[in-house]
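Working notes, beginning with the structure itself.
We call the chains A, B, C and D, going by the order they appear; numbering starts again at 1 in every chain.
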């Protein structure tokens, strides 16, 4: 089943799809390679966060997603 | 009026459908009979220019837990008797409610600050993404600089 | 829920009997469909120590006109779409509503400040006198220093 | 019918009655004499106001109440 990457908010439009399945394991370099250059550029911005297994990573470059994990890419929020 | 059942002291919800603000405040008031002051905020979709609809998306594993943490932190910081934090998700049209918060406290200053704090954080620190449908299609809403400044007031 | 008829943009009342906060907010919300934000404040009699009842007296020729002027000044100062300013007079028991204000505005900061301003002025600048019934009889409530300080914030 | 003096809030307890009728006209000195020494002491405090004919006087010492006027004595308020 690999790792499921979720594109939230505007990243969904850039990705052209809400989610993508990639092989496990997945680290930061693997993530940047898997999402394509446009999303990778976004991910390098400090205001874009990454969650793995329902937890927002304090340091996203230490991503270590395993088989079955969900990795959510979180652009800046705009609620209320 | 049918009485809503609220959980106390904190009632935090993501709502897929419309909310009745009158019933919400009546229930919150009834749930906090001993509070001296209750402040509520209701945010609605404004019929701005050619905005026809607004969509809010969330991320299930983060959004509601984050709102629950926010409610707890407001309760502790402002010594609230209780708080209500409700946010719509999905598609809304102008005039519809997007968000409602309420804060109950012994003194009115705490109730005002509690509600204000909740809103500033929902605006810029809750896992929600907003887009608007205008005449020429859907557009994602960028976070406003003012929201960022509002948030910094509490640091 | 029965719909209250409110006057717009300002609805200012002295009430001799209880008020339904849910209906008031629902009606105010309906009357201001284009507002982006609505803030309400509800003040209630607190069951403090041995307070058994509270009485508010007013002076007919001054009290309501003064509240109407206050509502107008809040509307102008904070660019409110509308305001509701309701105050109870007479005898109330713990848990009962004493005062309710609401402010509707395009942006939430104005709605918050409008409601806050209305309350600070009702507390220290409206022609109302309050006394409390305790175990040993009725006692007039002295204006608090904090209310004075709150009022000075707007000068 | 003279001038009607109204004692508001705590002044009512000091006066021992909610209102009192006195002969017109009534000026500041006449008011102080009409209400008795305890109320007169209160009236001299800047935070106690006087209304005549439904208007709060900017300078209460210039009171000039005529036949049929209502003079309200307004101690510090405590609303909300």
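What we mean here is this: a residue touches a chain if its C-beta (ideal position, glycine included) is under 8 Å from a C-beta of that chain, and two chains touch if they have at least 3 such contacts.
Note that the coordinates shown come from a computational prediction; the quantities given were computed from them, not determined experimentally.
Centre-to-centre, using mean CA coordinates, chain A is 27 Å away from chain B. Centre-to-centre separation of chain B and chain D, using mean CA positions: 49 Å.
Per-chain Cα centroids separate chain A from chain D by 75 Å. Looking at chain B, one finds that residues 43, 108, 119 touch two or more other chains.
In chain A, the positions touching at least two other chains are 80.
If you sketch which chains touch which, the chains link end to end in a single open path, with no loop closing it. A list of each chain pair in contact follows: A-B, B-C, C-D.
Against chain C, in their complex, chain B makes its touches with residues 1, 20-27, 29, 33-44, 46-47, 94-95, 97, 106, 108-109, 111-112, 115-116, 119, 150.
By the touch criterion given at the top, residues 6, 8-10, 13, 51, 54, 56, 70, 72, 74-80 of chain D touch chain C in their complex.
By the touch criterion stated above, chain B contacts chain A in their complex at residues 43, 56-57, 59, 61-62, 87, 98-99, 119, 122-131, 140-144, 147.
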